[in-house]
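In what comes next, subunit A is part of two complexes: it sits with subunit B in the first one and with subunit C in the second one.
Let's look at the complex of A and B:
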């Protein structure tokens, strides 16, 4: 059995690409070292916010939002709108500068008056100096990602193997992947291993300058209704939303400890504390909230913080997709583009050459 | 009636009986026993009100996860299912 494409990594990038490839008539298989969707795609904060997307990724994020809306209930999608807050003049200037650029890039972001903000979110602190609003913002439930894509793969008749780590890759006429469940043969491979891309590419002596960040998310006990939208901070150091069950999910990219190679990361009290302090500053009523749990996940990036999406440099038939900033938001869309590219079709929006010179800022 | 299995209840060795209070009312328990269990045995199922709609809530998961059993002890909100009973323990409704 020789698959048309073997996909290594069953996160949102790998699963999304698999669906597109199968639609295009390919016989594909998805391999994951753990369970599907239990990497970054399963533990992230689930924020779908155009206000925290990079300007050049805005067209991808807009399309991503449309994908999430279409997935709807099955992924816990909610379009709530979202505010980004500035608490002093410096933050207000930062907010003005950043959100203006994002609005120019096509995101429906507007600046709102104090009154509008108070009406929208009455429990916010009085200390807000300026705020932006985006009606497109919202969230989905990351813990449903794996379950959702598993169902989709099954419906599409796509093979997948869990607990199936790829430990060696050989290439003669085809690719031969060594796994605990035997050798997998495929004409092409797609590396979609998230924060594990670097060691995976190294199996083929390709150096990808991938670094892993250890992002932290915290969930509180159930609280009375405190907010109805997604709340962020001008610096990006806070994202917060209240779920239908009353719990609040608090993130903002604060760093925990550990590396992907060592297994699960660890929470650092030193970074959770300022994260929660900022949340509590924004919504004072959070002062009485108890924390149920904090956890970490690994998010990959390269030095210029743009995606890797294209041909693996120097290896014909090998592709890579990962390192997407806001990859949960953009994942369902950019994985379609990747699928199209592998199918030999022209992607609707350009991809991001993994062989570029990262230092030169060639994007 | 014939008992087909041995009556294990008779084999339970209880620790010393103690008295604690729940919302000011005396409740009997045993030293070191689980607080949610002691309250359950005393028929005190309603431990708190749901934050969103005020509905009655009580121990559900009994393993420290659901937070439906939270009570206030010494000003701290704690899970009854993860607290041990002691003599004179003053337990209040959390809210």
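Let's look at the complex of A and C:
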């Protein structure tokens, strides 16, 4: 059995690409070292916010939002709108500069008055100096990612293997992948291993300058309604929302401990505390909510913080997709582009050459 | 009070208290932290002050002795204090009277004990149903029986202890129901003969029940609890050797039910700190890997007591002494001789304890008691049918079930449903439960109010790193 494409990594990038490739008639298999969708794609904060997307990625994020809306209830999608807050003059200036550029890039972001803000979110602190609003913002439930894509792969008749780590890659006529469940042969491979891309590419002696961040997320017990939109901070150091069941999810990219190679990250009290302090500062009534769980996930990036999406440098037939900032939001869309590219079609929007010079600002 | 210690022991049950005493006797500066208001743990829990005049039992005497020893020692006992987060190197975040403080130590001993497992059956969440072990806490603290007419159901010796306690406290025991057969007990007899005092206590419990005409239903199980707002009665059925039901149900009337299926080690703290875990039915399920004297793969982290495997109170105490001595020795205090003595005592009492644990080892038929409509995860109201739907949709692990169904996402953090969920996965996949580890444990160890976790802060002092790339 020789697959047309073997996809290494069953996160949102790998699963999304698999679906596109199968639609295009390819026979594909998805391999994951753990369970599908339990990496970054299953533990992220689920914020779908145009306000925190990079300017040059805005067209992808807008398309991504449309994909999430279409997935709807099955992924816990909610379009709630979202506010981004500034608590002092410095942050207000930052907010002004950033949101203006993002609005120019196509995001429907507007600045709101204090009264509008208070109408929208009465439980916010009085300390807000300036706030922007985007009606397109919302969230999905990341813990449903695995379940959702697993169902989609099954419906599409796509093979997948869990607890199936790729430990060696050989290349002669085809690719031969060594796994605990036997050798997998494929004409092409797509590396979609998230924060593990570096060791994976190293199996083929390709150096990808991938670094991992250890982001932290915290959830509270169920609370009476405290907020109805996604609330963020001008620096990006706070995102929070209250789910339909009343629990509050608090994130903002605060760093935990550990590395992907060690297997698991650890929460650091030193960073959780300011994250929670910032949340409570924004919505003082949060103080009484009991914290039930904090966890970490590994998010990958390269030095210029733009995606890797294209041909793995120097290896014909090998592709890579990952390191997308705001990758949960953009994942369902950019994985379609990747699928199209592998199928030999012209992608609707340009991809991001993994062979670029990351220092030069070539994007 | 200083916040730096040579050794901090978490858990003031027989094991942790003995560990602290042993280390303190070697001249080390030791703190003993427990969330209860007095030393004693689950088994030797102290009575409420209002009922101190009540007659002494074996448990209160043992507990009083332990409390006296701690009082007479140099140990800093921090009571009513919840350890909610532990950082390697050792900093403990401790919540006490709505204030969180940080305590540090050179070596850490975790003696977090065990919790009860209840196999979910229809109606088990009805008001008037108590855990079998949980009921002992009620007796010890407040000397009240669970109701007017109680059915006591469960495995091992605890079921007889609880039934006789209810009678002693003036309650009526409608029936004792135990999955164990008389044959199970005959098999346990040889190792019980080595502990005549304990055997005697057990014999007295059973004799008391028989004299009072309390029916004992051997090799039977509670299959259903009826009653809307309050227990009205239970159905019971006969079991085969594998604890699969073999007969039609009969109904017994009662207003309360004590229900339990043995104990599970509390491993979350050790697991979170990175101690590898393994599955051992004979010790109550998943246990952290330790050396015999309580050492772990992590430098200066020690474990003892039922949290390392269910061996009972006496073994927990001896193991605590051994572990406390070893932790002290690793800090340069103490002798090998004492350790040898403690180890010999521990191994002897552990053998007896494990014989008792063996009576509660789950058997394959047990999982069937949880019917499709039965709630498995109480916190999030998730039924077996919902979990099975996830399994049929391809979920294969505890983590995947948790993400897809929310089972284990509530305030208890999955402590009470993990075993039942692993059983269901095992059944569906045909893999042994030993291949189905619990979901990744997440801090905090106990829920904490956000304001306390956040601590006091000044907005302008918040460490705000440089903003994300534009």
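The rule is short, and it goes like this: the second predicted complex is superposed on the first by the 363 of 363 C-alpha atoms of A that agree within 3 Å, B and C clash if a C-alpha of one lies under 4 Å from a C-alpha of the other, contacts with A are read in each partner's own complex, and residues count from 1 in each chain.
In this section, a residue touches a chain if its C-beta (ideal position, glycine included) is under 8 Å from a C-beta of that chain, and two chains touch if they have at least 3 such contacts.
The model shown is predicted, which means the values in this text are computed figures rather than measured ones.
Because the two structures share subunit A, they can be overlaid on it, and in that overlay subunit B clashes with subunit C. Applying the stated contact rule after C-alpha superposition, one finds that A:246 touches subunit B and leaves subunit C untouched.
Comparing subunit B with subunit C, more residues of subunit A are touched by C. Contacts of A:311 after superposition on the shared chain: neither subunit B nor subunit C is touched.
Residue contacts after overlaying the shared chain place A:162 against subunit C, while subunit B stays out of touching range. When the two structures are aligned on the shared chain, A:55 is found in touch with subunit C, with no touch to subunit B.
In the superposition on chain A, contact of A:290 is made with both subunit B and subunit C.
By the touch criterion defined above, A:225 reaches subunit B but does not reach subunit C. Within the superposed three-chain model, A:71 lies out of touch with both subunit B and subunit C [touch as defined at top]. Counting contacts as defined above, subunit A residues 221, 290, 292 meet subunit B in one complex and subunit C in the other. Residue ranges of subunit A in contact with subunit B, taken from their complex: 221-225, 246, 290, 292. For subunit B in complex with subunit A, the touching residues are 50-52, 65, 67, 70, 77.
For subunit A in complex with subunit C, the residues that touch the partner chain are 35, 37-38, 42, 52, 54-55, 87-88, 94, 98, 101, 127, 143-147, 150-151, 154, 162, 219-221, 234-237, 253, 264, 267-269, 272-274, 276-281, 286-295, 305, 325. Contacts from subunit C toward subunit A in the complex involve residues 85, 87, 91, 93, 390, 393-397, 399-400, 402-404, 406, 409-411, 413, 440, 442-444, 447-451, 453-455, 457, 459-460, 462-465, 467-470.
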